[in-house]
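Letters are used for the chains, namely A, B, C, D, E and F, taken in the order the chains are written, and counting of residues starts over at 1 for each.
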Amino acid sequence: MHGSRSFHRAVGLAATLILTATPAAAADEATLNGGNAAWLLTATALVLFMTMPGLALFYGGLVRVKNVLSVLMQCLAIACVASLLWVIVGYSLAFGDGGGAQGWIGGLDKAFLAGITADSLTGDVPETVFVMFQMTFAIITPALIVGAYVERIRFQHVLLFSALWLLLVYVPVAHWVWGGGFLMSWGVFDFAGGLVVHATAGVSALVMAKMLGARRGFPRELTPPHNPGLTMIGAGMLWVGWYGFNAGSALAANGSAGMAMLVTHTSAVVAALTWMAIEWLKFGKPSLVGAVTGLVAGLATVTPASGFIGPVGGLVFGVAGGAVCYFAVGLVKARLKIDDSLDVFAVHGVGGVLGVVLTAFFAVPALGGLKDVAIGEQLLLQVLGAAIVVAWSAGASIVLIVITRSVAGLRVEPDAETEGLDLTAHGERSYNP
Amino acid sequence: MHGSRSFHRAVGLAATLILTATPAAAADEATLNGGNAAWLLTATALVLFMTMPGLALFYGGLVRVKNVLSVLMQCLAIACVASLLWVIVGYSLAFGDGGGAQGWIGGLDKAFLAGITADSLTGDVPETVFVMFQMTFAIITPALIVGAYVERIRFQHVLLFSALWLLLVYVPVAHWVWGGGFLMSWGVFDFAGGLVVHATAGVSALVMAKMLGARRGFPRELTPPHNPGLTMIGAGMLWVGWYGFNAGSALAANGSAGMAMLVTHTSAVVAALTWMAIEWLKFGKPSLVGAVTGLVAGLATVTPASGFIGPVGGLVFGVAGGAVCYFAVGLVKARLKIDDSLDVFAVHGVGGVLGVVLTAFFAVPALGGLKDVAIGEQLLLQVLGAAIVVAWSAGASIVLIVITRSVAGLRVEPDAETEGLDLTAHGERSYNP
Amino acid sequence: MHGSRSFHRAVGLAATLILTATPAAAADEATLNGGNAAWLLTATALVLFMTMPGLALFYGGLVRVKNVLSVLMQCLAIACVASLLWVIVGYSLAFGDGGGAQGWIGGLDKAFLAGITADSLTGDVPETVFVMFQMTFAIITPALIVGAYVERIRFQHVLLFSALWLLLVYVPVAHWVWGGGFLMSWGVFDFAGGLVVHATAGVSALVMAKMLGARRGFPRELTPPHNPGLTMIGAGMLWVGWYGFNAGSALAANGSAGMAMLVTHTSAVVAALTWMAIEWLKFGKPSLVGAVTGLVAGLATVTPASGFIGPVGGLVFGVAGGAVCYFAVGLVKARLKIDDSLDVFAVHGVGGVLGVVLTAFFAVPALGGLKDVAIGEQLLLQVLGAAIVVAWSAGASIVLIVITRSVAGLRVEPDAETEGLDLTAHGERSYNP
Amino acid sequence: MKFVIAIIKPFKLDEVRDALTSLGVQGLTATEVKGFGRQKGQTEIYRGAEYEVSFVPKVKIEIAVADELLERVLEAIEEKAKTGKIGDGKIFVLDLEQVVRIRTGEKGNQAL
Amino acid sequence: MKFVIAIIKPFKLDEVRDALTSLGVQGLTATEVKGFGRQKGQTEIYRGAEYEVSFVPKVKIEIAVADELLERVLEAIEEKAKTGKIGDGKIFVLDLEQVVRIRTGEKGNQAL
Amino acid sequence: MKFVIAIIKPFKLDEVRDALTSLGVQGLTATEVKGFGRQKGQTEIYRGAEYEVSFVPKVKIEIAVADELLERVLEAIEEKAKTGKIGDGKIFVLDLEQVVRIRTGEKGNQAL
């Protein structure tokens, strides 16, 4: 179905640059581009900032006061574990040379970053910087899942699950889409991680929430987000950091990065306004928590498309992302009755997949996009790519949770849940006047 | 009065670069400079960070606990609306080709960013990045005005007023000063927005505060800022972000940017120390809220001059900005009895205009500056430019508020004001233990 | 003992670049590198962000609620005073030409930044940017000491002590190690400030804590950190900012910067995990405050080595930094019974010196490093360098405190300490509901 | 002596205090509390989920008064705290057996 | 009338309130307090230093009730607030001399 | 039994609690409150505007005690909470009719 034509199709700047980094191709032409390196160094800092402290605060403000520190701790610990694994094998499996298995997974040639020196290049940027930039993606993706299991999960399980999930879900999918794997060969478009980041995390979050069960008292007895202001600070940081996420994915300080920043920003603000408008119509008041949720939905939705579409695409992605994710939130909570506590699936899973599909349309020049493809064919590719990633994420997560829950226990005791994880899991209290 | 000599005078790096971007001039010479693009991408992120969440927190900490979320929401909503308008017509009207009306306003040729591709350049940076960088200025300027109307304004009015104000005040003034309009032709110096940003926002804030009326119980029954720590976090973010604001306005990663950063920083710290010293002498204690207000005053004051002066200029701007704004705060509140609640006029309006005027002196090489102009003539230009911008901002704001208050209502009901805007306008509470 | 061989030894990229900036050497070759300039501008913003508001929040969360604002104020005031002094004489004494005394101290030729224009270069970056980048180091170093004296010191004393300490300790040590002084000539390795920043601040903190005496009720009656979440926000900012600190110290956007970022990050996460593991084993629970303390310990430890070691070095530095600093904390508090309140010595002093010593091993290629030196010889140099800096910091601090305490008084009155410094020194309260 | 406990709307605190002061009351103690009564809390909506907030912020003031001042104190609170809208609150009067001023050791009416 | 003060575990508040409401109690006032008793606070450890936290978060509820409702109120609180574990709390009953509803000026049982 | 309410300076809480414990008091409940009295709050100045803060942070402790312990409890609080400076606070004694320990259902002196 995906013959040689799509196999050889150009797959976006990111892909090209990575390909040129393979020994043979890069040897003759690659020299360091200082401007690109400067921007990628910066983008790396911005993406780390998204998780630490951005996402941690975004999530921390939404839970009850007795679980704030546990959320911060989960994000921090995941960042540490994911970074360590990335250095040890993650980067190598995602971006190393997989030899015969290259379609499925990279190799172990770069385990412990072997052979990577200060002089190594990926395209025209230092490979060290590329390793770091990609690491920040490997940090935030499992951290996104935190939103599904807050307020009731065992900390041991967070660590074990996140570590295995990184290796079993994130790393392979990153390889498939960006590291030279089969989805990349097919020509599936995913500029900055609609599939690799948002779909994997969103789908696994739903699986986790279902298998873990709802929080005690869900939905009737829960209290409102304890500190919407904290959530808004986190959202601001996510927003700024997302510039690095999407515009950094151009791996260059050029117009492609600029356009990615522009459409990212446009989608974000339009999605926030869309969410606000829906709430205003339905409840008579737009809420801050709603507006920032819309903002994040707009950011997640545009992520896969950010390097391929133009400003008008950005507007459309914003409206779509804001509205669809809004209704997805209600669907999961009210219909499916799954306590995906902070709506990871509805915002990231749905937003990411939606964006991947919409990309097929708005990437074409007729709709302001930058890629010369046939909508129909590309749509098939995008849908197929999304289906595979969703299926893999769901399947692997189920298997993983079945295993990890027998090893590390899934849920804390009811008493500990009542008392709150801050005290029972970490021995700390979030506020001591 | 300003004959051909001043008409043709060089008007600073920013201007030059923009001019070279006009089709004819740019065609032959412009190629992408990666270093400059990298810095401008970064600066854009920094300036967004100033508003989201910097300014929001700075303001949020100063209000009463029942209005915190409403302030965050106002800043966020303004950021969204301004961004959207910028994409639709703002950028085009400010920086597009105005044809015969170019002295007054740009054209609609770039509405919806038509014709801007990933390859378009402004000077030697991608035009997409220039669009984004300028957008962050268009975001923060109406957001600055929030400080004048907190705790009592209708949210509908915030949206409507900010949208119209952006088009009627910000966009034209940006065009006059930076986009090829008449103030730019005359040679008025305003490197990073003493007029375009601070004077417009500050003056309009005063008008708004006056027309809206004081908060109930002003001044006797108000309570102190509910969370000075939040204000200080916001100030730190504003400070860091201001590096992008001023040094980014060089539109290049060079010594001009470096010098702008240096004088910006110098003015900020000296102004903070000045404010501290005055409080210490007057009240026996320097306060944190005072110190950070001084800091922001120093930053606002040096903004118009930041690309034109040297380190010694930075020291003088700091002392002047800190001291003059200090006394302006007292003047507005105690003498004029206008409840410009968070001192937008005294800090930004006064600081911005003061800086514009002082620029005439310290831009000359004799006083460490970088511009080869005659002080007297330049002073006239600066004063005239300031007068025009102040008059326009005041006049247009009055007209706007008269209109918008009949359409969207200005103030919330007394009961809602007593209850707080968080609950009544957004249905949320800032802290739920 | 350190003959001509080590005198002429290459001393790392930072040193080389600085050397080339001396008039004679630089004249012919230096031209602006935009990519490097872009990254250094960014790194400067990142390092300012570490103090404002990063460190301020990190420390602010650890104190009692009645002293939060005083901690923020101390950090802010130090930032202002240090910046001002840096412009006036600090930069010149650290990096100016010391003539015959160059081994010991720079000259006054660049006082008030005389002669530095927008065109001046340091290596291939604008000297203005270099001045700013170095200034952010001069800001954070005295601010680190805040952790030793919180909750009981007079604000006057903070100002006076910090100002003099900057001139008497920071500036000379910066000159010795980075500015062409004798430690640089000997070839002591200190990439980003294990000696210049962490050892000086850590040792002086211990001296200060001892001479100032413990807080009333120490250790029995103290209450837990009032807001660990604030500390974690600060830690996240320190982490992100540290990318600028260490990778910025390459003074270039290249693989050296990339490698510095990589090893910095690796050491940080491993140290956080190490600290968590120790707490888990000892107390059955890992705490958030512990984890972020470990993180900072890992960052401090790797700082001197960050430009010289490889990924494996990063792993080892992390384990060592996390574990050694953990036990140092206990040692100082429980054994020495010194109320170094926020563990500045144990984390920064011990971490910094440990890192300087370990650098001798892991800088060599056999252990993944980038420097071609003999371990034994380099170890001697590192130990000697550390000993000299430690001794100078301790001695100078003792003398300084003896003087400043007679001029500005060391401690607040017992009643003020009980009441809290927020109200008594600044007339503000951190939270007014 | 009597121990008066009044639950009032938070923004009425200053007015009530001023009225009491002018009656000669020298001290009182205020506490932030959450009230449950006929006045219902707002329904808050976050991401579509409704949270019924049944408690409303109130301020409790406690005042120890001499018997002869009681009536005027009750009247003053009633008058100043009243908005006429639901949720204005309640006043409770308990008997107070003894009072001690810690600083001086004074007892009874002296200590008020 | 009686003035009932109950100190309970915070997460029992909603259950107790519901039980009281179904008895006909129309209002009550809740306050966050810190309790000291047989139940010991957790020891918190920060950077190796141990902090003994002797106070435990509790909620205090105050309910003014008519005499005839007292017994049932006490039973309801006892039943709902009980977990059987240490720290369940206490109920205190004081005599209540007078009640005023501020909004209407009603007094006594009417005002409850 | 008596219900003792003491308003004290916040930093005296631990000392008072220790003293009461050594008298055999097994429990007490503490609340953060704001006091208004002879001691005036500091004037706070923000951006030149003066805010008169009339309330001062205090801690309220409530202790149910057996009659025979009352005197010693009062003395202990007085002694420990006293600094001799204005604002040391007050102790109020009310009659306590009944006590229930929720966990066990014990009543009266047993339940204290």
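As a convention for this text, a residue touches a chain if its C-beta (ideal position, glycine included) is under 8 Å from a C-beta of that chain, and two chains touch if they have at least 3 such contacts.
Everything quoted here is computed from the prediction, not taken from an experiment.
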> Any chains in contact with both subunit C and subunit E?
Replying inline: A, F
> subunit C and subunit B are one sequence twice: same or different residues at the contact, by the over-half rule?
Replying inline: different
> By how many degrees does subunit E turn when fitted onto subunit F using C-alpha atoms, rounded in steps of 5?
Replying inline: 120
> Roughly how far is subunit D from subunit E, going centre to centre by Cα mean, in whole Å?
Replying inline: 18
> Counting in whole Å, what is the centre-to-centre distance of subunit B and subunit D, each centre being its mean C-alpha position?
Replying inline: 46
>> I'd like the Å distance between the centres of subunit C and subunit D, where a centre is the mean of that chain's Cα atoms.
In response: 53
>> Please output the residue numbers of subunit B that touch at least 2 other chains, ranges allowed.
In response: 33-36, 38-39, 42, 223-225, 228, 253, 283, 287, 289, 427-429, 433
>> For subunit E, give me the residues that contact two or more of the other chains.
In response: 14, 31-32, 44-46, 53, 94-95
> Does the chain-touch network form a line, ring, star, complete graph or other?
Replying inline: other
>> Following the definition at the start, I'd like every touching pair of chains, please.
In response: A-B, A-C, A-D, A-E, B-C, B-D, B-F, C-E, C-F, D-E, D-F, E-F
> Contact residues on subunit A for subunit C in the complex?
Replying inline: 32-39, 41-42, 44-45, 48-49, 52-54, 56-57, 60, 68-69, 72-73, 76-77, 79-81, 83-84, 87, 112-113, 116-121, 125-129, 131-132, 135, 155, 230, 253, 425-433
> In their shared complex, at which residues does subunit F touch subunit D?
Replying inline: 2, 5-8, 31-38, 54-55, 58, 60, 74, 77-78, 81-95
>> Which stretch or stretches of subunit C touch subunit F in the complex?
In response: 221, 418, 423, 427-429
>> For a test of understanding, state which residues of subunit E touch subunit D in their complex under the given definition.
In response: 3, 14, 17, 26-31, 62, 64, 94-103, 105, 111
> For subunit B, which residues count as touching subunit C in their complex?
Replying inline: 33-36, 38-39, 42, 46, 65, 223-229, 232-233, 235-237, 239-240, 243-244, 247, 252-259, 261-262, 265-266, 269-270, 272-273, 276, 283, 285-289, 291-292, 295, 310-312, 314-315, 370
